[in-house]
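As written, the chain order gives the labels A, B, C and D, with residue 1 at the start of each chain.
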Amino acid sequence: MSVLSNEQKLQIQQSREASASTRRIVSSGLEEILYEAMPVLDHGFVRVIDYMGDDAAVVQAARVSYGRGTRQVSEDRGLINYLLRHWHTTPFEMAEIKLHVKMPIFVARQWIRHRMANVNEYSARYSILDREFYIPAPEQLAAQSVQNRQGRGNVVGPVEAERILELLKEDSQRSYDHYLDMLNHDETGKPIDENRQGLARELARMNLSLNFYTQWYWKTDLHNLMNFLRLRADTHAQYEIRVYADVILDVLKRWVPLTYEAFREHRLDAATFSGEGVKALRRMLSGEKVEHSDTAMSKREWDEFMSILAKR
Amino acid sequence: MSVLSNEQKLQIQQSREASASTRRIVSSGLEEILYEAMPVLDHGFVRVIDYMGDDAAVVQAARVSYGRGTRQVSEDRGLINYLLRHWHTTPFEMAEIKLHVKMPIFVARQWIRHRMANVNEYSARYSILDREFYIPAPEQLAAQSVQNRQGRGNVVGPVEAERILELLKEDSQRSYDHYLDMLNHDETGKPIDENRQGLARELARMNLSLNFYTQWYWKTDLHNLMNFLRLRADTHAQYEIRVYADVILDVLKRWVPLTYEAFREHRLDAATFSGEGVKALRRMLSGEKVEHSDTAMSKREWDEFMSILAKR
Amino acid sequence: MSVLSNEQKLQIQQSREASASTRRIVSSGLEEILYEAMPVLDHGFVRVIDYMGDDAAVVQAARVSYGRGTRQVSEDRGLINYLLRHWHTTPFEMAEIKLHVKMPIFVARQWIRHRMANVNEYSARYSILDREFYIPAPEQLAAQSVQNRQGRGNVVGPVEAERILELLKEDSQRSYDHYLDMLNHDETGKPIDENRQGLARELARMNLSLNFYTQWYWKTDLHNLMNFLRLRADTHAQYEIRVYADVILDVLKRWVPLTYEAFREHRLDAATFSGEGVKALRRMLSGEKVEHSDTAMSKREWDEFMSILAKR
Amino acid sequence: MSVLSNEQKLQIQQSREASASTRRIVSSGLEEILYEAMPVLDHGFVRVIDYMGDDAAVVQAARVSYGRGTRQVSEDRGLINYLLRHWHTTPFEMAEIKLHVKMPIFVARQWIRHRMANVNEYSARYSILDREFYIPAPEQLAAQSVQNRQGRGNVVGPVEAERILELLKEDSQRSYDHYLDMLNHDETGKPIDENRQGLARELARMNLSLNFYTQWYWKTDLHNLMNFLRLRADTHAQYEIRVYADVILDVLKRWVPLTYEAFREHRLDAATFSGEGVKALRRMLSGEKVEHSDTAMSKREWDEFMSILAKR
């Protein structure tokens, strides 16, 4: 299953081969992978198209510097940790990244809710979409969660899985066939019937289902990228967007290794305890045995609290 | 074709019957229609849920006033016209409106691009969508425009229209049938088969097509509402979002009649001429006969220029 | 020391006396104090000018409801707690508040950094500012902190305090005298010298110092208001902005009591521990004695960590 | 009068001398001037610190391209003109620029109102400001405008100018002397008196006047940069911010020559006529003689209308 056409591969290769001299901050970690398509799901990808700055840009801005702004790595690391821990967010807004992303429409619909970003999407009013739709791997076909109204539970059995995949595939193929039919447009781009006019693209697209792929250029700053990752690389996020967040986490690591480290430590691996949680903690540390009924937490909050303390 | 269930009608009626006293600015024009569903397309609507301020809030803020801030209507009108004409946008940000909107997903996807708004969408991860999808009226089934890659041309013939509507309806019905099937959920909300688990809602939804209806609460300020209307009540906007904009234009007129008037005059009915356009105008006014070849405008810009001057 | 002129008091009183009927959600807690000036610092205030929604608007939006959306108070409280704890921020964006604030310019300069708000400031290009400047109370005259490069330490001695206050007062008075002089404008608004033209207001204002008072209309949604309060009602915030945040915290309590409660519990009284912090906690809870040297925390982070656990 | 210290000059020189290879789009026009301080007013400057993309990034995003996205210059120019003319703003959000700006505080206060930007300002809570304040050139000392409540009229006479400049200089010097005094900090950075503590920096700064210089890192995208320039390079903008906008206009020309051209043509040199204005135009073009009294325009709007048509 190939994500890219030969022409697309050639365009990417040509972009990668071009090179020029710059006085700007250069991230060697990102230069290595620039323009390359990192595959996600069955037809999707993430490509880094451009970036501005790296860890150095964060400390340079924090110091409102006339020069490079960086000092010893240990000093820069300390500053970045301090800024992140104390929610000094503006220096992280001083680095920027631009991605080309291809993803199913229902993923794009979640993604777009992060408003602090610039987006230019491929227009299905203007162009014809490809026959590309997302079909989950069987191990991703989970039942509705019983505990969580908004999540997945156990994987469905193999018979049910097969039936579901069959329905998804057939409906997707048919809706695309009919999309082309309405457009009066065959697979090679020619009219099916010279005497028909073909429906306007902006109308025909409504027959496509939400698993069809769309693509866009997406640009955001490092602060807002971390907000996105904090929510979308989380276990509560839907699997199909989480896999994109995971790929972008790797991009983050290459781009801004010090910020990535601080982000892991102070956001991803961090835990927030409510006022009641902190009180319970203090009592526990003083040797008291604390039960749920000794606190004012809801059952759900108590369970979350205890699971954080138990994890290893 | 009924847009609302009886229960929904009752809830709306109850909301409309409640009433309380307030010291705030009250817009009598909006109070009249508050909570009512104004139908759009075949299953959609716009409902005004809440608002803050009206024309008076604009002038009050412009004057950073300790009191109501309003004076004579003629003075307020003059101020509002001046503010709008000179792009003093911040006073218009001081009035706010909240709408409940139901619209096809492909319309929602255009709408959400207006980032300066607050949105809370009905979640298909959490809930099950209704069997409601948009089927265009036959007179809306237009062919792809020949001049404009992003628009509609002539209406397609009746035979083709019938065929297209048939495809749209069948595919929509089938995709919804299969959606329920995957969920293991019959039309009354019961499991189809007690032994099947049913696919997670966040997955099953991907089988629905872009003409299915979604709904959200959408809140924005008067300045950004006018930006939305300027772009979406425009003839270049897709018909299916324009009809929503047209309904909201009427809401605007009820809510802020002075601002509405100024908006019509200085935005909707206004025309912008480029530097070259202004030069051509001056030559024409001095009696010169100006042709396209006498200017540096592109053919397309020239045609747009001439059509503005010719309109009546 | 009176904050308001008699004319301003009259305007406020007239606004408070007007009353009308509305179908909208009404917050009785806010109606009581609507338009009233709550004094802050020596010449400043906060006034609530308008609002949209209250706790009910949050749950109504979260449920994308056709009616009021509220249920039992206990159910609404549970939902609001859940939303806040899990960073579901969009329902909180559905309530809005508008304040009239008067504050020293250096406070306004910190405040404006919260970009997700609408602001209309009194223009010193257009109008003449009053002779109103902030002089700290002697007990607020603190020395530079030794630990914290960005904060206050001990209160300065009475002799030094007197000297400082003298300098501040004299310089403020003189800069205002010269401001009027440049404008050729006496205290009653008449020209000082009929033969002089008077400097443009947009220029003369530059002679005023940063403790002069400015004022604006400021409007934001409940989510962003809580962001503002989390940062500005914090002990790390400068005292002169914190007193405004404290007054607004009281407004929050009146306006949205359930959200206020959840905000206290899950933001103000909550504590976030880093990955290393959580690991240390687990070891401590299992009975181990943990020292700073047993962890990878910086000394500063360790001190913050221990002080949270010690507080009572 | 030197804007930069020798150490600052050295830091800039070192930044300029460093160079590395990149696969990204490189703007040769910006590389030439990267990091250099372009002087503005008596102590201010604009420095380009970093950028992402150029004209090519606009067309690349508009085409959601896999490669460079650019074609013939004439095709790219046509596309950029089309996008700008029709308010397709998202492709212009795909290029980004970061500036280091030093400006008087009253200029910073206008500048910050452009919210769609990232800002990190030099902190006077944390650091001590330099003895640098803006004193207008005598030819900039204009009287209050008679027509326009928010603007300048004629230059004041030489005697009055001298008096005003004297006041400004003396007050600025004195307020800085007292600032240092309160801080217990002499010009070389040593304590004035070992027995005094020195006031906290966050308090002492309030004695400085609005003509003192501050500085920040400011980052925005090309679309929002053009919004800034449209308002601030305009004749209605205050001179002291307009000179910054003028320098940035030159930066724009170097960076994105095609966009600059289109921006001049369709924004700076363009004119917008209201509905009434367009009607009057049509009558004039058909040979009719139109007076103000024949239209529904206000006197002020009519004057603006006629002055556009008269300009050459």
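The criterion applied here is as follows: contacts are C-beta pairs under 8 Å (C-beta built on N, C-alpha and C of every residue); 3 or more make two chains touch, one makes a residue touch a chain.
If you want to know which protein each chain is, UniProt gives these names: A, B, C, D = Flavin-dependent thymidylate synthase.
Remember, predicted model here, so these are calculated numbers, not experimental data.
Peer 1: For the interface formed by A-D, which of the candidate pairs C-D, B-C or A-B is equivalent, sharing more than half of the contact pairs by residue number?
Peer 2: B-C
Peer 1: Using the stated contact rule, I'd like to know whether B-C or B-D comes out ahead in C-beta pair count.
Peer 2: Result: the pair with more contacts is B-C.
Peer 1: As a quick test, compute the distance in whole Å between the mean CA positions of chain A and chain B.
Peer 2: The computed centroid separation for chain A versus chain B comes out at 29 Å.
Peer 1: On a C-alpha centroid basis, what's the spacing between chain B and chain D, in Å?
Peer 2: Chain centres of chain B and chain D, defined by C-alpha means, are spaced 34 Å apart.
Peer 1: For chain A, which residues are shared contacts with two or more other chains?
Peer 2: Those would be 90, 113, 119.
Peer 1: Can you tell me which positions in chain A touch chain C when the two form their complex?
Peer 2: 78, 81-82, 85-87, 90, 113, 231, 236, 264-266, 268-278, 281-282, 284-285, 298, 300-301, 308-309, 311-312
Peer 1: Over in the complex, which chain D residues touch chain C? Could you list them?
Peer 2: Listed in rising order, the residues of chain D that touch chain C are 104-106, 109, 112-113, 115, 119, 123, 125-126, 134, 136, 140-145, 149-154, 156-157, 160, 164, 167-168, 171, 174-175, 178, 181-183, 196-203, 205-211, 238.
Peer 1: Please output the residues of chain B touching chain C within their complex, sorted ascending.
Peer 2: Going by the criterion above, the answer is residues 4, 7-8, 10-12, 14-16, 18-26, 31, 34-35, 49-53, 57, 60-62, 64-68, 90-91, 93-94, 96, 98, 100, 118-122, 215-217, 219, 221.
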